[in-house]
Amino acid sequence: MNFASDNTTGVAPEIMDAILSANSGQAMPYGADAISQRLTARFAEIFEHEVAVFPVATGTAANSLGLASLTPAWGAIYCHEDAHIATDECGAPEFFSAGAKLIALPGAHGKLEPKTVEEKLEGKGVVHNVQPAAISISQESEAGTLYRPEEVAALGATARRHAIALHMDGARFANAVAGLGCKPADITWRAGVDVLAFGATKNGALAAEAVIFFDKIKAGELGFRRKRAGHLFSKMRFIAAQLEAYLTDDLWLRNARHANAMAARLAAGLSALPNIRLLHPVEGNELFVELPEAAIAGLRSAGFTFYSWGMQPVVRLVAAFDTKIENVDAFIATAARYLDRRN
Amino acid sequence: MNFASDNTTGVAPEIMDAILSANSGQAMPYGADAISQRLTARFAEIFEHEVAVFPVATGTAANSLGLASLTPAWGAIYCHEDAHIATDECGAPEFFSAGAKLIALPGAHGKLEPKTVEEKLEGKGVVHNVQPAAISISQESEAGTLYRPEEVAALGATARRHAIALHMDGARFANAVAGLGCKPADITWRAGVDVLAFGATKNGALAAEAVIFFDKIKAGELGFRRKRAGHLFSKMRFIAAQLEAYLTDDLWLRNARHANAMAARLAAGLSALPNIRLLHPVEGNELFVELPEAAIAGLRSAGFTFYSWGMQPVVRLVAAFDTKIENVDAFIATAARYLDRRN
Amino acid sequence: MNFASDNTTGVAPEIMDAILSANSGQAMPYGADAISQRLTARFAEIFEHEVAVFPVATGTAANSLGLASLTPAWGAIYCHEDAHIATDECGAPEFFSAGAKLIALPGAHGKLEPKTVEEKLEGKGVVHNVQPAAISISQESEAGTLYRPEEVAALGATARRHAIALHMDGARFANAVAGLGCKPADITWRAGVDVLAFGATKNGALAAEAVIFFDKIKAGELGFRRKRAGHLFSKMRFIAAQLEAYLTDDLWLRNARHANAMAARLAAGLSALPNIRLLHPVEGNELFVELPEAAIAGLRSAGFTFYSWGMQPVVRLVAAFDTKIENVDAFIATAARYLDRRN
Amino acid sequence: MNFASDNTTGVAPEIMDAILSANSGQAMPYGADAISQRLTARFAEIFEHEVAVFPVATGTAANSLGLASLTPAWGAIYCHEDAHIATDECGAPEFFSAGAKLIALPGAHGKLEPKTVEEKLEGKGVVHNVQPAAISISQESEAGTLYRPEEVAALGATARRHAIALHMDGARFANAVAGLGCKPADITWRAGVDVLAFGATKNGALAAEAVIFFDKIKAGELGFRRKRAGHLFSKMRFIAAQLEAYLTDDLWLRNARHANAMAARLAAGLSALPNIRLLHPVEGNELFVELPEAAIAGLRSAGFTFYSWGMQPVVRLVAAFDTKIENVDAFIATAARYLDRRN
């Protein structure tokens, strides 16, 4: 009964089948295989726009390769202070960009606002200062919230006005699209996003992500960056097959909708209990819940797994594509028992 | 009928089974799963030595992470001028090491000799010069040849004498062990190797390699380097499962022996033909064959796939774990037909 | 009548004389000259401690070379949010360290407190997080204030407790020693400082700084870093001569005392006026003064040069070794005139 | 009697005078002073072409900053195997470029030929290979020889044909112009040079070099690179003053002509002796002389200073702007004495 993270999941059956199917005979390496070759067209369809697609196998790689292509080594990347790129990647964006600086900014519920960025967008053209290069947002955010299309667009407009780029960490992009009920285009290129780290691993893939460029020209050097960072796979067909299956018959959205629904059910159930507080609106597949230490301990001893978050008695609960409804209900019931006792 | 590379192969059935088996239920991420946890002990057994093991998914990552841990940014890494790290990784070692310099040296049949390295081991302690840091050799070499244990040991002794490290690119390590009929230890730590990039992908894995340290202390920072480069997988169990299956029941050696045998058969068959020349001894699973352009063209039109090598009429033929004996024989027969015509 | 910065000054006559004297005959390059050779002993005397000394020509180089020797590429350096290294060096620390992260922290009057650092000293040993590596403080601070010896020592203790280093940006180190009336040792190695960027340029040199290590072992690789960054001068004697003259007959302290005295006089004069506010205690040679826009405009039109600071009507006034008392008094008188008018 | 290097010299009197003159009053920092402001126009005059000029203080900085602006991190820079950038800068080009690869090529008398470069210009567009980015030549070369204008132009044409850049290490550029009796333009932009590291230090400056771009657009980011590397001087006027004096009344050429003449006199005198061999044509201010060990020892004991070169009994002799004719004659006479004895 694991609510620790969506990365504790295994591989969705449809994706595992695709891996098995890809394993017939030989194929030319490094993306010259048939599956890889048809992947770009599929993404273009999904996004209703020409794209350049670079499959990789980790979110850190997808984020850092994309960011590095948007900034000089002396660039500044504006992001939320809780952004995964700022806190959980051991300095990967700095490594891939040869030293760019992440400017960590506050923002309610994990979301960045144009105003906050604007205030720090300084020093352009001054050699003493790092140079504004990109804004990076996480969609779904690290607080489990979602940027509305118009919120993304407002940041896109800020980026355009300052001639910098807009990057999106989409490790949970499917949960965002599912949660917003929008088109993928609405929260990407139509809203000014230049580069998207499109995640699949957390939502059912074995290990598959993609760097998506909406302007193919800007993608020019990504192939070199990817190879040089050791992220070009010889047996690329097995990464491509995962992504293809993920995009087939809306698997990516179906999986995400299930995860979101489980999170919503968990949120509804817990909200009804006393002495419990949701820190952020639950819009995707993550909850941040403040509850008494005794309840936390009780849930753990009852066999539930999850991470504590920060220094308060707060836990993060993540629902995934394979979260079982009975586990959700069991969690709520167990929580209820411990919260009652406390009274 | 693909002789282009062993990376055009798919996944060995035993390894695919292991991936499927690993896909039951949830598991803690980033190597905290059960399979990953028992992998180090398995490698220690194979190598008869304590090891630190860092699974990754590409050979470029394995090589570069290992090398970066052996050199300062101003270090010199001595390697063969045809070394994969020098010619085929788009500068990855330079990237991971923040700018170390590869000193490309000549050597017959793809192998480096102590003398050649010694002559260039200069400038130690002089601030104007990059500092000798490591020797790197490929076992099996890029010419398809193998270093005998005593040849590795001689380079190990050179490294020790100059207080530098010895690194081994083992993308085809299994083919080397199989070809030499030695113990893994004989050509690694016993011969002075500090770090091994242990390959599995070319020999049956989907995407699995490991950086192996024979001195755990030197491995201290590899975990940070791996994460920071985006090579730490959340669903690590699926990489670990591949490696575990690879090491089970000698699969790695069985696969390699088959590949080597197919290469030997090909070599024997071709050697008997007129107007053909093997450029290097065939000791592993690769052949470099000089033959008339007409024969090359004829083989291609007959459906055989392989790479031309350099500017002469030379082709590289690679046998793999799944190479079929009938394809080998067909290749020889076809070659024979074209070589006859030429006369 | 320039109060813009102490870097608008020329060269102190004693230092220019030393440059001229050094220009007799030939000398071996890169620090093998006689002046360079005796410099370390002189610094050791001044600091009452063994030191390793690396002369360079800019403060950015001195800071970045020192910091890079204290952190891995995945390290975190804790500094004040207004620190020169964080705001005014175009990402130089990131460049020299191959991507380390500066953690910018708040602190009253430009000074960092142990508590603030402690709260952020997290993630040690966790591969997802950058690793705590060093605290960096500016002495004199960017707000013109000074850390008392015990304040430095408290930060030194924090650093020791977490096994990280303490770095000091001493671009205005002389002003700090002069202002505190302490020994150089009291605010450096005795208080736990590992590496000092010792500045001379702002206080009378043409272009001369030095990276000072109080633990010679840690200095081991600085020579390579310096050369590799292009900061090893062939005609080193001319840098060394500046530093030698600077340290002779207390020139460094005499110059600094004058600058501090001029700043104090300016502070006293301005404090007595209405509608004016000093933002920080004036302890060195810098003042940050809030005053009406009209007064700012008036002072400028009267021929005074200085920088506006931030978005409020605040100006920074810097006194230097060559600041003339009559200019200080003229500034006060002019300010008085404009402040009166405003009423 | 120092023939070790032109960097053992002091400062030419005209340049020292300029430094003294620059030391009057205050000046805005970082190149906003009057001398710096007029420097670009002066260089444009000298080169008969629009230029962007970035003064720095070391040759390593000038070379590396220029090169870094011409190559991506995954680029290849083709240079002579004895090039200073390849052998004597501790990996500085790799550092500044974030890991570009120097391809060291052979060439008679220290000079690179188009054919040699062409043969290695491979892999363009292939992600596995570093990407051809620039050719770098030293003028005067490391063997003391000079590229004729048409030889530079041939390399320039090669560069253009492959859409890569041509960089010139001009640490001894004045000696080259003086030796060839050509216009500065003839061996730079007219011959296809994109970026020149213009040296002054070895020929009379205290510490002054300049990165010269002949296409201002390509210079766009150099200002950031320079600051970020710690090579932007606050008291820039003192660097600019050196360069201005150097370019005034042909001082740079007068100094170089003297050095070249002294080298020629030394070459003529030594050539006439038995058992002595000049390894390369003497076209600038350097000689490489093979002579018996006994003669080398004898010259050293007679008080002459110079470097041994390589593993043969070869010495390098460098004449400089301040080399005295009597020392040249004394060297020849002493050599004659020892060479006679040997017979």
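Chains: A, B, C and D, in written order; residue numbering restarts at 1 for each.
We take it that a residue touches a chain if its C-beta (ideal position, glycine included) is under 8 Å from a C-beta of that chain, and two chains touch if they have at least 3 such contacts.
Quick caveat, the model's predicted, so the values are computed rather than measured.
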Checklist entry - Going by the average position of its CA atoms, which chain sits the greatest distance from subunit A? => result D
Next on the checklist: Out of A-B, C-D or A-D, find the interface that copies B-C, where copy means more than half of the contact pairs are identical.
Outcome noted: A-D
Checklist outcome for this item: Chain centres from averaged Cα atoms put subunit A and subunit B apart, in whole Å, by 34
Next on the checklist: Please tell me the distance, in whole Å, between the geometric centres of subunit A and subunit D computed from their C-alpha atoms.
Outcome noted: 51
Checklist entry - Roughly how far is subunit B from subunit D, going centre to centre by Cα mean, in whole Å? => result 42
Next on the checklist: Where in subunit B do residues touch at least two different other chains?
Outcome noted: 73-74, 89-91, 95, 98, 127-128, 224, 227-228, 232
Item to check | Residues on subunit C engaged by subunit A in the complex (per definition of touch) | outcome: 73-74, 87-91, 94-95, 97-102, 127-130
Next on the checklist: If we count contacts the way the header does, which residues on subunit B are in touch with subunit A in the complex?
Outcome noted: 2, 4-5, 7-11, 16, 19-20, 22-29, 56-62, 64-65, 89-92, 95-96, 201-202, 206-207, 224, 227-235, 238-239, 322
Checklist outcome for this item: Touching subunit A in the complex, subunit D uses residues 30, 72-74, 98, 127-128, 131, 221, 223-228, 232
